[in-house]
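Read through the structures below before going on.
Look for chain A in each of the two complexes below; its partner is chain B in the first and chain C in the second.
The block that comes next holds the complex of A and B.
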């Protein structure tokens, strides 16, 4: 019988995926107010590109991963340039952008479904290594993912607090109208935000493709949990909000998945609704 | 310094400014007066590049900047202080000032030096440098908003109702400050104000805007005439 500690370890592994997707989503939403549903598409794009480069093309794992993350970053930027910006320049509000984003996500999902026939595609060909600490077994991949999350969050913290571009992002999060008034080239900062957020989703996509594999709806399912994590944590606090929300949901989904597998979705959204009723702006909003 | 001719602008399909002209000479404080809804704030936003210009010209410092965007005008030395939402509430005073210096040429030392200059002028901001802007008093917040704009030593400062919501003592201090900005820092000021007496006291020239059209221009010393004009526009014959 799996111990409670073992389930906790699984929860932290899941939290790593959610955190990488959530922090990018939070970055875009907090600064640009765009509810970027197609962030899940970016995640999925990276995963499938990784699958084809690594599994089908035979490229080494690191090169495949790096190239896939680059494709993800460019996909996110392209979605903004080709869809969101034109909608906004034609006078469309944020709701129109949200609908456009939903459209992009559904179109890509349909395309992936046609090409993959809905089969789960797993990029790795070997079993995952495991290391045991007492009664708890950790997957090496989970440890790697947590390491990636720690490095990513640490670098993001330094970027936000020690660089001029990071200061601009914090300014945009606080007061978008004033950002333009103080002379910020908002379009340029926006490009950086989309590239960075999409690259982070790309990392999660690559790791997911390697770990559990992808199906055409994996992107939207992961994104929904990441969005709940962001709402739970509080949108205004990009780093702390997304990591606390992600860890909470990782642990919740692990325990719910272990004890009541059919109630995972119920648990996630019930937790979100209860917390919103108590703290409408999230834990750190 | 600023030459605006036949300017037309507005929000969406609604045109607010209907061929407005205005001229601000270097080193002047110019007051832009008018009742609520006359289009004063719209004029400042259109001049600064925050609203689309549908007609007319905006020449700043000898360069046609009619269609230039706000960050381009900031880089050339024009700064705008909005009436509301003019500080980054959740950022520290120092971070607010650093954001004001995005177009400041030079390195980190130049930035630090400029922040120290601002603190030398506004001692209270030095005391509050680590505080979030949202905990400042109304007067302090307005001081910070203007300081953000002063970070790049602007040639022209557009101030949108800076005294709105301030206590009388803070209003007096604010208008002193506006004079100092011109006298000591050499910035030209275009000032939108509801406080007619104080605005005319510090300004050399005054314009009166009504329903998107300029209806008066003259020296601010002609206060009696300006006030009478404003009362007539309000549908009254005397205060």
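The block that comes next holds the complex of A and C.
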């Protein structure tokens, strides 16, 4: 019988994936007011590129991972340049961009379905290592993911609070209209935001391809949980909101998945609705 | 007739909202090194004029030139790069950024501190970054706000928030500053600091200022040139003293303020 502590360990592993996807989604939404559903597409793109480079192409794991993350970053930027920017330039608001993003996500999902025939593709060829601490077994991959999350969040914190570009990002989050009036190069900052957020989703995509494998709907499923994490945490507080939301949902989905596997989706969205009723701006909004 | 240091020139501007005429045929110059005040009753179109200059509103008639070059088709977000900065009548700030960050964000042409610099001991704060901080601190000090530099701007009282937005416009380095009621709502003891700052910008940095202001004492103290906008057009324009003592101006505008 798996112990409650063991489930908690699994929850933290899941939280790592959510946290990497959620923070990029939050970064884009808080600064540019783009409800970037296709962020899940970026995640998926990285995962599949990694699968083909590593599993099919036989490239080593690190090069495959790095290349996949680069492809993810460029995919995110390309979606913005080819879809969001033109829609917004023509006066499209939050809703038009949301619909456009949903369209992009569904198109890519359909394309991935055609190519993979829906079969789950796992990039990994070896078993995952485990370390045991007392009664709890930790997967080495989960520990690695948590390490990545800690480093990523730490660097993001420094970037946001100690660099010029970070100041601009916080300015955009605060008052987008004013950012342009003070002469900020909003377009350039926007590019940086898309590249960075997409690279982070790419890291999560690569790790997922290596860990549990991918199906064409893995991107949107992960994204929806990440979006709920962001809404739970509060959109305006990019780092704290994303991490607290992700950890809460990681633990919730782990326990729900263990005790009532068929109720995972129910529990995630029920939690979101209850929290929105109590705190419409999220925990730290 | 046009030159590099012509400043801002408005030629025969007209504006209407639907069928309501705001003004017709308004021309004026905002030369560098001078404060040009634009006064007039509410609804005369003073803020509208600033919005036209900044490209927020398009005037159906007339042109705007900066140093002889047309400014008309410049989008609002490129105005600062062209050299035109503005403030707003209401408070517009970055509320969760600190007062000093609100000023720092406007300082142009920064390479910025890159993330990798943070990991090199001794170089954590670049020389440029330090210079900018000193500059922002000095600006805050001119309006006695250096002690609240590190407080979130959204937590400051209204008057100080207005000062933050004024300093932000100044920090952009814009050669032409359009100040919309910068003294309104500011604690009375801070007003001399604002006027001193504007005078210094004009005298030492040769910036051109368009001052839209209801406080006639402020206008009297710092304006070189005054334009009175009323009833859909310019009713007087000239050196400060002569305009403020003009009988028609006193009768139609200033008289109303003083008798109110």
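Just so it is clear, the second predicted complex is superposed on the first by the 285 of 285 C-alpha atoms of A that agree within 3 Å, B and C clash if a C-alpha of one lies under 4 Å from a C-alpha of the other, contacts with A are read in each partner's own complex, and residues count from 1 in each chain.
The rule is short, and it goes like this: contacts are C-beta pairs under 8 Å (C-beta built on N, C-alpha and C of every residue); 3 or more make two chains touch, one makes a residue touch a chain.
Fair warning: this is a prediction, and the values are worked out from it, not measured in the lab.
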**Prompt:** Given the superposition on chain A, are chain B and chain C in a clash or a fit?
**Reply:** clash
**Message:** Once chain A of both complexes is superposed, is A:155 in touch with chain B (first), chain C (second), both, or neither?
**Reply:** second
**Message:** Taking the superposition on A as described, I'd like to know which of chain B and chain C A:58 touches: first, second, both or neither.
**Reply:** neither
**Request:** Could you look at A:91 and tell me whether it touches chain B, chain C, both or neither (first, second, both, neither)?
**Result:** first
**Message:** If we overlay the two complexes on their shared chain A, which of chain B and chain C does A:261 touch? Say first, second, both or neither.
**Reply:** neither
**Message:** Taking the superposition on A as described, I'd like to know which of chain B and chain C A:164 touches: first, second, both or neither.
**Reply:** both
**Prompt:** Of chain B and chain C, which one touches more residues of chain A?
**Reply:** C
**Item:** chain B versus chain C as contact partner of A:178, first or second or both or neither
**Value:** both
**Asked** Touching chain B and also chain C: which chain A residues?
**Response** 164, 167-168, 170-171, 174-175, 177-184, 186, 236
**Prompt:** Of all residues in chain C, which touch chain A in the complex?
**Reply:** 76-77, 79-81, 85-86, 92-97, 101, 104-106, 108, 110-115, 118, 129, 168, 172
**Prompt:** For chain B, which residues count as touching chain A in their complex?
**Reply:** 12, 48, 50, 70-71, 74-75, 79-82, 85-91, 95, 98-100, 102-103, 148-149, 152
**Asked** Where on chain A does chain B make contact in their complex?
**Response** 91, 164, 167-168, 170-171, 174-175, 177-186, 236
**Asked** Which part of chain A faces chain C closely enough to touch in the complex?
**Response** 155, 158-159, 162-165, 167-168, 170-171, 173-175, 177-184, 186, 236
